[in-house]
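Both complexes shown next keep subunit A, but they swap its partner, so subunit B is in the first and subunit C is in the second.
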Partner chain A sequence: MKVTLAMKPGPRSFIPIEAESIVPKNFLAGTDLAVWRGNRELRLDEVFSVSVEGDADRPEDVEVVLSGDDTFRLKRVGEYMDGGKITVLGDIGMHCGNFMSGGTIEIHGNADGWLGREMTGGTILCRGDVADYCASGYRGGRKGMKGGSVEVFGRAGDFLAESIAGGTVTVHGDAGDMAGAEMHGGTLIVHGDCRRPAANMKTGSCYVYGTAQGMLPTFAKNGTVQHEGRTLIHFTGDIANRGKGNLFVKGYKYLD
Partner chain B sequence: MIVKDAVCPFCGCLCDDIEVEVEGNRVVAVANACELGTTKFMCEERLKGPILRDGDGWKEITYDEAIRYAADTLLSAERPLLYGWSGTHGEAQCVGVHMAELIRGVIDNTSSVCHGPSILAIQEVGHPGCTLGVVKNRADLVIYWGSNPIDAHPRHLSRYTRYADGFFLENAFRDRKVIVVDIRRTQTANIADEFVQIKPGGDYAVLSALRAIVQGKTETIPRTVAGVTREQLVRVANLCKGAKFGAVYFGVGLTMTRGKYKNIRNAIELVSELSRHTKFTISAMRGHYNVYGSNEVNTWMTGYPFGIDFSRGIAFYNPGETTAVDILARKECDAALIVGSDPAAHFPRRCLEHLADIPVIQIDPYPNATTAFCNVQIPVAVTGIDAVGTAYRMDGVPIRTRRVLSTDYPSDEEVLLRMYTLMQGAR
Partner chain C sequence: MNELLIKNACVIDPLRGINAETMDIAIRDGRIVEEVSGAAEVIDAHGALTLPGGIDSHTHICGTKVNFGRYMSPEDMRAGRTPRRGPLHATSGYSVPTTYGNSYRYSVMGYTTLLEGAMAPLEARHTHEEFTYTPLQDTMANVLFDGNWGVMEAIRDGDIKRVAAIIAWTLRAVKGFGVKLTNPGGTEAWQWGKNVSCIRDPVPYFEVTPAEIIRSVVEANELLHLPHSVHLHCNNLGTPGNYTCTLGSLGLIPDLNRKRQTLYATHVQFHAYGGSGWRDFCSKSEPIARFVNMRPQIVMDMGQVMFGKTTTMTADGPMEFNLYRLHHDKWSNHDVELETGSGIIPVIYRRKNLVNSIMWAIGLELALLTKSPWQCLLTTDNPNGAPFVRYPEIIALLMSKRYRDAEFATVHPDTAARVPLPAIERELDWYEIAVMTRAGQAKALGIQDLGKGHLGPGAEADIAIYPLRIDEVDPSTDYRKVIEAFGRTEYTIKRGRVVARRGECLVDGSNATFWVRPKVSDAYDMGKDPDFIEKFDRYYTVRMRNYPVQEEYLNRNRCIETEAAI
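Moving on, here comes the complex of A and B:
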C-alpha cells in the first residue's frame, strides 16, 4: 500500500505541526487520523491531500510518502514506528523517528533536531544535513540511541549521537561540537571533521576520519591502527570519566 | 520614614538588610544596597498607565481595556508564548502557569538564556549544592568560574565569601582562599588568591583535566590545556583537595559558552570527584532576583523548570525546541506576553524581527527596549518596592519581599488574575 500525503498550500506559517500519527501501521486502519498545529487539532485531510493506492495487512507493506514545501514544519513523523517505510520528499521537522524500532525512514532533504532520538531499531537515511542531537537521548536521559542505524550523507550539527548506547551512526560530512558526548556503547563514524568528539565517553567506538578539533586532553594515546584502508590514531578514554571507550582519529588538534 | 530590612529586588542575592528612606511616597535614600540595588530602588521612570500602540505613536487606555485586549489576543492565538517571569513574584508566576495551561501556550522564563544549561546538567547528574549561609560559615575555598560578582552580584563577596567572617572562619580574608577562573582578568580576579585564565571555549577541557588530575592521572594531561599550564592545574587541584570545605560558584561565562550544559555537567562531576577527598559544593550565580523562583514554581506546577509547551494540553519540555529564543527565531509563535523581562535588550535580532511581526503584550513597570516591540504595555507595581511577594534567592531559599511605598499600581498578580478570569469566562 502506498499512502501519499501532499501538504496543502496555505497562508505562510511556521507554526509546527505535530504529526506522530504519521506511522505506516496507522494507515492499515484508514486515513482518519489527526495532527496538531499549535493548540489546534486538525484532521489529516485538512493539512494534506491524501491518496491511497493498494492495500496491506501488515505495516511492512505500507509506504508513506510525504511531499510539499512545508514538510519542515512536521514534527514527530515516524514516532514509535515499527515497520514499513516513510519517504520524505523534502525537509523534515524535529523528532522524526523518535523511539522507532523497525522499518525505514528516508529523507531526501534536511532533517531538523533530534532525528532518531532514542531509537532502538530500524534504519534512517538522510540525504541532506541533520541539525543538533541526531540519534541522541532526551533531556536528562541516560541513554540515547540503543539500536538500528542512522546514515547522514550531509553534515551533522552539535551533540550528534549524545549518550548513544547502541546501534551505528554514520555521517559522511562534518559534524559539529561534542559528537558522541557521554557515549556508552554503539558506533559513531564521522567521515569529516568534528569538535571535541566522545567527550566523557564510557565505552563504545567513535571514528573520526577527518580532524578532531579541540581534542580533549583526557584521552590516552595508544598508537595507530588500520581501519578500512585508513591509518587512524587510537585513543582510550575518557579518563576523566574512568572511561574505557575507543576513539580513533585521522588527525587531532588540542586547544592548547 | 526609614524602612529597615527591606529586600532588594535586583539580583539573585536578594539582600535582606536594606534600609530605605522614604519621604512623601518617594525613595530618597538607600543604605546597605549596592549600586545596582540602589538604582532600582530610586528609579522613578515608570509608565503612568497602560498604553496602546496607535499608528506611529501611543494612546493611553484603561487597565480594563488593556487587560481585555491581552486576554482576547492570547485566546485567539494558535501558539502563544508567555515569556519572562524572573522579574516578578512567585504568586504572579503561579497565575502565569495556570494561564499557559488554559490557553495552551508555551511558558518560558529567562533561565533559558542564562542558567537553563545549569538545570539541564543538574537533570543529568544532580546538584551537590548548599545555602549561602553554609558557605559563609564553613568554606575555606571559594571558586568563581565564569562569574564576575564584583560587577554582577556586588555584595556576594562581602556577605558570603571573600570578606565575610563565618562561624568557623574568624578572619575570612586571611583564612579563605579565592580562585577565579575566567577568560579575562576581571575585577574579581584582581582580589583572588589564584587566577586561572582560560582561552575562550576551553572551560570543558580544563574541567576534564582537573577531574583527571584529582584522580591522579596527571601524566596523560598535555603541558597546557586551553592556555592553562599543567603545573597550575595541579596546584589548583591540590588547593581543592586540601580545602576543608570548598564551594564553586559559576556564572553565564560557563553556561553560555561553547558546550553550555556539558560545561556545567563537567563542573558538577569535578565537584563529585573532589567530594571523594573533602567536602565540596557547587551553585549557580543566578541573575534576576526571582529567576530561581520561576524555576521552582514551574517545577512544582508542571514538573519542568522552564520552556514548557502546553499546546497539546499536557506539559512538554525540550529546551532548544520549547524555549523562547528558539520559538521566536523559528517564527513558531503567533502572539506573546512578556512579563518582568526585557527580551528586546537581550535576544538575537532574528527573534526581535518575529516579535515585531506578532501582537505583543508587555507587563512591566518601566518603559524598556521591549516597549518598542509591544502593542500594549501594562505598568504594574514593582515587587519589593510597592508590591509584596515571594522570591527565591540564588540558593533556593524563599524570601518574602517587603513593600516600602504605597502606590495605585496593581501588582503583576492582580493584572494577571484579571486577565486569567476573563480567559476562564471565554473558555
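Moving on, here comes the complex of A and C:
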C-alpha cells in the first residue's frame, strides 16, 4: 500500500504541525487521522491531499510518501514507528522518528533537530543535513539511541548522538560540537571533522575520519590502528568519567 | 458572613482526645465555631473519616535547591504533566513538581499546612515567592543556621545570648519560622572540602564542635521562646554505623520545654544505620527507638524511603557529594556565603538493592517501635526518601502487617537477616495515624494555639474528609482501600472553603505564611550592634539594609511575636 500525502499549499506559515499520527501502521485502518497546528486539531485531509494505492494488512507493507514545500513544518513524523516506510520528498521538522523501533525513514532533504531521538531499531537515511541532537537522548534523559541505524549524507549539527547507548550513526560530512557526548554504547562514525568528540564517554566506539578539533585532554593515547584502509590514532576514555570507550581519529588538535 | 456545616462526620481529633465520634462541625468565616445559623451551607459526611487538615512538618517544596532540582531534571518535569483546567494552572514534574503541582497534589491528599524544611537565609526571597504560588496550603520555613559564621563565633566565645540574638535578627529578617541545623558544622567544613565525622570533630577555623553548636542553639532557641524547637538533621547522614553519632546527638538534649519537645530530629531513617561499611550494613532502628521512648524531649520524623525514582536535596553538601560518587549521575553543589550550602542528585531506590531494601525497612521500624505516635511523625523528607504522593502507601504499611509481609517478600532476599521488621507485629490504628500526620505535627511545631491541627472552636477550619468509614474497613486486610482513601479526599477544606473534591482541586486559593518575630531588648538587637554590622558589611556581598525580606514578599502574612528572655 502506498499512501501519498501532498501538503496543500497555503499561506506562508512557520507554525509547526504536530504529526505523530503519520506512522505506517496507522494507515492500515484508513486515513481518518488528525494532526495539530498550534492549538487546533485538523483532519489529515485539511493539511494534505491524501491518496492511497493498493492495500495492506501489516505495517511492513505500507509506504507513506510526504511531499510539498512545507514538509519542514511537520514534527514527530514516524514517532513510535515499528515497521513500513516513510519517504519525505523534502525537508522534515523536529523529532522525526522519535522512539522508532522498526522500518525505514528516508528523507531527501534536510532534517531538523532530534532526528531519531531515543530510537531503538529501524533505519533512518537522510540525504541532506541534520540539525542538532540527531540520534540523541532528550533533555535530562540518560539514554539516546539504543539500536538501529542512522545514516546522514550531508553534515550534522551539535550534540550528534549525545548519550548514544547502542546502534550505529554514520555521518558522511562534518559534524558539529560535542559529537558523541556522554556516549555509553553503540558506534558513531564521522567521515569529516568534528569538535570535542566523545566527551565524557563511558563505552562504545567513535570514529572520526577527519580531524577532531578541540580534542579533549582526558583521553589516553594508545598508538595507531588500521581500520578499513585508514590509519587512525586510538584513544581510550573519557578518563574524567572513568570511561573505557574507544575513540579513533585521523587527526586531532588540542585546544590552545 | 460565610457559614458551612459538616454533618455526620466521624471525627478523630487527637489534640482534643476525640477518637471516632460522630459529630457536626460548624464553620464561620474560616474558623470553627460552636454553631452556625440555619442559612449555612451543609455538607453531609455520611459517617466518613474526618480529620484536621494534614500538616507536613518536614518537606522540601519551595526555594533555591528545590528549583535547582527542577531545572537539572527536565526528565522529571516530563513525568507528571497535567493541563490547565478552570481555575487550575498546568503542572508538571513528579519528584520535584512545579509549585502548583505540589500544592494541588498535597491538597487532594487532605494537606493544608506545609513546613519547608530548609531555607537558606540569604536566599529566602526565592522561598517566599514560591510560597505565594503554593496556593492551597499555609506555609512556613525552617531557617538554616548550621554554618552561620556569626553564630559559630558567638558559640566559640561562649555567649549563648548572642547566639539567640543573631537567630532572632535573622528569623525576623528572612521571615522564617524555625531554627534548622543541617549537618551542623559539616557544611562549613565542606567549604574547605572537608566534612565533620561526628559531633566531637571541630569545624575548621571556628574550632567549635557540632555538639557545641547543637547544645548552644537549643539553649538559644528556648531563650527566644520560639513556637518550634530546634530542628536537627544530624551529622553523618547516610553512612553505615551512623546510629552511634545519632544517639550521641540526641543524648545532648536536656528537657527544657513543658509544652513540646526540645529537639525535633528529622528523617531519622537516614541516621539509624549499623555496620562498619556497606557489606555489613544493617538496621539500628531498635536502639534509636528505645532511646527516644525514654526521652519525651525528643520528637523525630521517619524519613521513609519508598522504591522508585526521586530527587535528593539537602543543605548537607558533603553528603550529597558522597552520594554523587556512589551513583555517578548528575550532581549540583551550591555554596551560600557565610551561612550554609546544598547539594542535589537524582536517585532511584530499588527493591533489588540490599541497601535500599534495608533503608525502606528502617523507616517503618522507627514508626512501629516508637511507642508514642507523638514522637515519630510520618514523612519521607519529601522528596529525599520518596515524593509525598507515596504517603498513603506508608500509612497502609504502618496499619497492616499483611501488607508489610507482602511487600517484604519482594525486596532483596538478604534483608531479613539485617532488619527486625518481619518480627514486628504492631499495626497502627486510625488515631495513631491521625497523630502522625497532623496532630503530632501541630504540637511539635507549636502551632496548635494558632488553631492548627485540631477542630476545636476557634481553630482554623482546615479539614480533610476521607471517603472511608472506619467501622467498615479493616485496615489490616483492606489496605488497598486505605491507600485509595488517603490518596484522595472526598473534601479538603481550607480556611472554611472546599478547595478539593474527589481528587479535583476547585479553586486557586490564597495561602498564609507563618513567621516568627522574637522581641528582644535593645542590647540584643543585632540591627544596632556595631560588631555585627561591621562584620556583615565586611563579609557579605549584600548590604545589610538589602538583606531583610520585605513584607510584600509574603502573600498573607501571619507574624508570631514571642517575648524573648534576652
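Keep in mind that, in the parts below, the second predicted complex is superposed on the first by the 256 of 256 C-alpha atoms of A that agree within 3 Å, B and C clash if a C-alpha of one lies under 4 Å from a C-alpha of the other, contacts with A are read in each partner's own complex, and residues count from 1 in each chain.
Basically, a residue touches a chain if its C-beta (ideal position, glycine included) is under 8 Å from a C-beta of that chain, and two chains touch if they have at least 3 such contacts.
The structure displayed is predicted, hence computed values, not measured ones.
Colleague: Quick check on the superposition: with subunit A as the shared anchor, is it clash or fit for subunit B versus subunit C?
Modeller: clash
Colleague: Based on the superposed arrangement, let me know which partner A:Ala34 touches: subunit B (first), subunit C (second), both, or neither?
Modeller: Neither partner.
Colleague: In this superposed model, does subunit C or subunit B come into contact with more residues of subunit A?
Modeller: In the superposed model, B touches more residues of subunit A.
Colleague: Is A:Arg139 touching the first partner subunit B, the second partner subunit C, both, or neither of them?
Modeller: both
Colleague: Contact-wise, after the overlay, does A:Val225 reach subunit B, subunit C, both or neither (first, second, both, neither)?
Modeller: neither
Colleague: Clash with subunit B: which of subunit C's stretches 24-32, 276-284 or 546-554?
Modeller: The answer is stretch 546-554.
Colleague: Which subunit A residues contact subunit B in one complex and subunit C in the other?
Modeller: 138-140, 241-242
Colleague: Over in the complex, which subunit A residues touch subunit B? Could you list them?
Modeller: 14-16, 18, 36-40, 94, 113-114, 132-133, 138-140, 177-178, 181, 196, 199-200, 214, 216-220, 238-242, 254-256
Colleague: Give the list of subunit B residues in touch with subunit A in this complex.
Modeller: Result: residues 77-79, 103-105, 120, 123-124, 199, 201-202, 204-205, 208-209, 211-212, 215, 217, 220-227, 258-259, 262, 265-266, 269, 310-313, 317-321, 330-334 of subunit B touch subunit A.
Colleague: Under the definition above, what is the set of subunit A residues touching subunit C in their complex?
Modeller: Within the complex, subunit A touches subunit C at residues 138-142, 241-242.
Colleague: Can you check the complex and tell me which residues of subunit C touch subunit A?
Modeller: Residues 72-78, 328-329 of subunit C touch subunit A in their complex.
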